[in-house]
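The data blocks that follow each hold one structure.
Common to both upcoming complexes is subunit A, partnered first by subunit B, then by subunit C.
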Partner chain A sequence: MVSALLISVGAVSGISAFLALLMVIADATIANYGDVKITINGDKELDVKGGKPLLGILMEEGIFIPSACGGRGSCGLCKVRVTEGAGQFLPTELPWLTEEDKAANIRLSCQLKVKNDMFIEIPEELFNVRQFRSRVSSLRDLTHDIKELRLELIDPAEIEMLPGQFVQLQTPEYELTDEPVYRAYSVSSDTKDRRRIELEIRLVPNGICTTYVHNYLKEGDEIIFNGPYGDFHLRETEREIIFIAGGSGMAPIKSILLNMADEGSTRRARYFFGARSTRDLFLVDKMRELEEKLPNFTFIPALSNPEPDDNWKGATGLITDVVADHLESGDNVEAYLCGSPGMIDACIKVLTDKGVPEELIYYDKFG
Partner chain B sequence: MSPETAYPVAIFFAAIFTNNILLSNYLGMCSFLSVSREIKTSIGLGVAVIFVMASTSMLNWVVYYKILIPLELEYLRFIIFIIVIAAFVQLVEMIIERVSEVLYTALGIFLPLITVNCAILGVSLFMVIREYSFIESFTFGLGSGIGWFLAIMAMAGIRQKLKRARIPRGLEGAGISLIITGMMALAFMGFSGMLPIG
Partner chain C sequence: MKQTPQMKKIQENMRPGVLTLRGFLGADTRDLVEILEGDAAEVRRIGTTHRAIADRMRYLRDQGMRGLGEFIDVEPHFEVRVDSVRGGIPSPFGDAGLIRKTNTTVRNKVLGREIFYTDVNIHLIGDHGFYEGRGSLFRMEPHELAEILEVETEQQQTELPG
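After this line comes the complex of A and B, so read on.
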C-alpha cells in the first residue's frame, strides 16, 4: 500500500519533472533570441534580451506605453510604430489594427515579440510617462457633482510634470467594468509639489471611472495612474492671458495659476469661469486668495442661470457673452480654454471675432 | 494486404468517417464551435489538430505501455496524458515560433488552444480502451485529426453560407451551429457499416 503510493507519486513527479526540465532547456535554447538592439526614433538605442513582448521589454527599460489590459491583447491601446524588424502581423493583433495602421506599420506591442534588432517610433512625450501607485489622501465634495481627489504617490515617489498636463487614472475591475479602464484627468495641484497630485472629477451619469471615484473609492485606498500627458501649458510670452473654463475645466487652470503664484508672476491675466448657478461654483475663495498673490490677476465667475436665492451680484449670462463684454480687443492676448467641446468651440469663435489669432488659443477639450 | 497491415489502414479510415471523433463522440466541441467562423482560421486549427493528435497518440502510447503499465499505474493515465499533451504543445509552439514565422502566424496561436481540446485527450484514452498497437495508435491519431479537420472545414463552409441566411433570432450563433453539427453527425452515420470495425 505504501509502496504503491510512493510509486504513483514518484511516477507523476518524475514525468512532470522530466517534462519541466525539457521546458526549461527549451526556454534557454529554442526560445533564447540572444541580445537584440531596439532603436527608438532613430537615436535612442536599447540593448535588451530578446524573446519577450515589446511592451514588457520597453516597460523594463522605463518606457511606458499606455495599455489598459496589461498585455492580454484585449484593449488594443499599446500601439507602436515598428519600421523594421517586426515580421508579419499576428492574428492576435489584427482585430485592433485598421488598414491605415497596417500601412503605417503600427503594431500591438503586447503581442509582438522582440526576436531581432528592431526600429520603432514612439512619441517623445511618452519617454517621461510612468505608471504610479498612489494612495487616496483625501476625497471631498467641491460641488454636488464634482469631487476633489488628492493622491499621495507611493511608487515612484515623485512625478515631474508641467502645470496643465493630465494623467490617466486606472479604474480597476468592479461592477461596471470587467477589465481595468483608463480615463484622463487634468492635474489641478501645484506641480512643484512632486509627491502628490490633485484631480477634480465631475460625476458623469454611468461613467465607469467617475462613478468609481464618486461612489466606490475611499480615503486610504490605493489607485494606479500613469502620466503625465498633454501639451496644454502656459507659454512664456508678454501677452495678457485669458483663461476660460467651465465645470471641472477648473483643474488645469488652477494648476497653472498656482505655479504662476509660486514664481511671483506679474503677467496680466483674467480668468472667466462659467457655471449655471452658485451650486456649481467652487473654489471661489481659493481664486480670491490667488488674486491677492498675483497683482495683475482677476477672477470673473459668471452664472448662466442664477437661482433667486443665490443673491448673485457678479456677471450673469453665458460665458461667451461675458467674455465678449469684458474683452475690449484681442490684440496682445493669448487664451487658454478648458471645458466641454461645445463650450470651447463657442469661445474660440468669440475670441477670434475679437481678433485673437487662432494659433494663440490653446485648449483642452474633454467629452 | 495481410490483416496486420490492413487493420491499421481500416482504423485510419474508420477514424475519419465512420467513427469521426467530433461527429460520433462529440469531442472537441468548444474550439470547433468558436473557431469555425472562417475557413482560413479553421484550416489553421485543423492542421494543428492533425499534427498534435498524431504525435501525442504515439507519445502517450509509449508513456502508457512503457512507463505506466510496468509500474501498474494505469489509473494515472488521465493526469499523465494531459501533462504530456500540454508539455508537447508548448514545446512545439516554441520550436515553430523559432523556425518558421509563416507557420507560426498560421498555426502558432492555435496550438495553446489545442492543449485544452478534449478530442486530443480522447484519442489517447480510446487508444488505451481499444488496446491499439503502436502503429494502430498512430493511424488512429492521424485519422482522428483528419476527421476533425474535415468536420471543422465542413462547418466553416456552412457557416460562411449561414452569414447570408435568415436565422430565427433565438437560434443565432451556437444554437444553429449545434443543430447543424447534429445534422452532420446524422449524415456521417451513413458511412457506418462501410468498414468492418466499429
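After this line comes the complex of A and C, so read on.
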C-alpha cells in the first residue's frame, strides 16, 4: 500500500518536472513572439522582436535603464512602470518590489520578458543616457586598495552630466566572467570637461568589476560605459554645505567641489572625510588646492586609528564623532553623504541630532 | 541521506546565472546533500557547530560595522572592516528574503591571517550548513573559519574555570 502510494507520488512528480522542463525548453527555443510594439510615455513607439527581457530590448534600442548588476536581478535598480502588457509578477521580481511598487505596476525590467505589445513609463532623463566607447588614459593608485581610472571618450566624443552622477562600467569577458557585466561608479572629475571622466574604484575581494579594473585593465585599453544616471547633486540654496564621505565615497563629492570652484562659489562648505590611517587617505593635496580656490571651503580629514609613524596632527576618531564635535548646530545646513549604508545611517543620526532636517540630508548609499 | 526533490530544486537555484552570475557551486559536481554532509563531518571533526561558526561571523561583522567602512580594532586581536556594495542576493534556499551585499574582512593579527565573507555566507552557514561548493569564489572552509575567527569548540565551552 505504502509502496504503491510512493510510486504514484513519484510518477506524478516526475511527469510534472518533465512538463515544466518542456515548457522552459519550448519558451527558449520554439516560442516566437514575433514583432511587438513598446509604447514609452504614451508617445515614443518601438517596433521590436519579442521574447527577450525588457531591459535588454531597451538597451538594444539605445535606451539605458540603470542596473548595477547587468540584468541578473540582484540589484533591483532597473524598475520600470508597465501600465499594459506585463502579465503576472514573477517570483524573481518579488523580493525587490514593495506593496506600493506592485500597486503602481512597477516591474523589474531585467526579469520581465516582452511577449506582446507593452506600454511603459520611464523618466524622461533616461533618454539622455548613452553608451560610450572610451580609452583608459591613466590608471593610478590612490591608496593600497583604491585606483583612479581616467577615461578619454571615443564615441560619442562628449558626455553631458551633472556633478554627483554615476555611470555603469562594462567589464568584458575575462577569467571571472564569461559575459559582460556592468557595475555603477560615481564620476569624480569636473563634469565641465566633457571629453573625459574619472572614477575612483575600491577593490572588493572577489568583485568581478573591481578585480578587473585593479588587476587586468591597462592604460590604452578600450572600455565601454553608459550613463549618466542618478539624482545625487548639489541643490542651489544659500545654506551651509556639510559633505561627509569615506573611501571611494570621495568621488561624487570631489566632482561637486570641482564644479563649485569652476563657478566661483562662495557658499560655506565643510568636507569631513574619514579614513583609518594616513595610508587610507588620498587626494589631500587636491582638497587643499580647492580650499585655496573656494574661499569658504574647509577640508577636515579624520583618522580613526592613526599609526604612530603617521605623526598625525589632524582630527582623530570616527567620522561621526568628528562631525558631532565640529558642527555647532543644524540651523541653515544641508548635508551630502556618500558611503556604505552603515556609515550613512550613523551620519544621518548625528546630523538630525544636531537639528539638520532629514529632508535636507542627501545621500548616495552604496547598499 | 538521499537528495530530495526539494534539494534538487535548491541546487538548481545555485547554478551559475540563476541567482548570481557565478552561482554557489563552483566546480563541485556532487549532489547538494553530499556537499552538506561533507562539510557537516568537517565541522564535527573540528568540534563545533554551523550555528557557532555563523554566530562568530555575525558577532565580528557587527563589531566591525562600528568602523563605518574602515578597519577597526576588535578585541582581543582582530581588525575588521565591513563594506557594502550596491544590491542584494536572494538565498538559494528561498527563505531569507533579499540579503544585502555586505562584505566583512577579518584580520587575525596573532595568526597573521585574513578571511573575507559576506552576509550570504553567514545565512547559508548558520541556517543551512552550506559553505558553497568546491571552487566557488565565495567558498568558505570550515577549518579556516574556525581557526582565523577563533570559534570556540565544544571542548573549550565545557572547560569552565574551576
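To be clear about the criterion, the second predicted complex is superposed on the first by the 250 of 367 C-alpha atoms of A that agree within 3 Å, B and C clash if a C-alpha of one lies under 4 Å from a C-alpha of the other, contacts with A are read in each partner's own complex, and residues count from 1 in each chain.
Everything below uses one rule, namely that contacts are C-beta pairs under 8 Å (C-beta built on N, C-alpha and C of every residue); 3 or more make two chains touch, one makes a residue touch a chain.
Nothing here was measured: the structure is a model prediction, and the numbers come from that model.
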Superposition-derived comparison: subunit B or subunit C, residues of subunit A touched: C
Touching partner for A:215 - first (subunit B), second (subunit C), both, neither: neither
Touching partner for A:88 - first (subunit B), second (subunit C), both, neither: first
Set intersection of subunit A contacts, subunit C complex versus subunit B complex: none
Subunit C residues within the subunit A interface of the complex: 5, 17, 19-22, 65-73, 82-90, 97-98, 100-103, 105, 116, 137-138
Subunit C partner contacts - residues on subunit A that touch it in the complex: 13, 17, 68-70, 72-77, 95-96, 176-177, 179, 181, 183-184, 202, 204-208, 246-247, 249, 274-276, 280, 304-305, 318-320, 339-343, 346, 366-367
Subunit A-facing residues of subunit B, complex: 41, 63, 67-68, 71-73, 76, 79-80, 83-84, 87, 90-91, 94-95, 97-98, 101-102, 105, 108-109
Touch list for subunit A against partner subunit B, complex: 4, 7-8, 11-12, 15-16, 19-20, 22-23, 26-27, 30-31, 87-92, 113
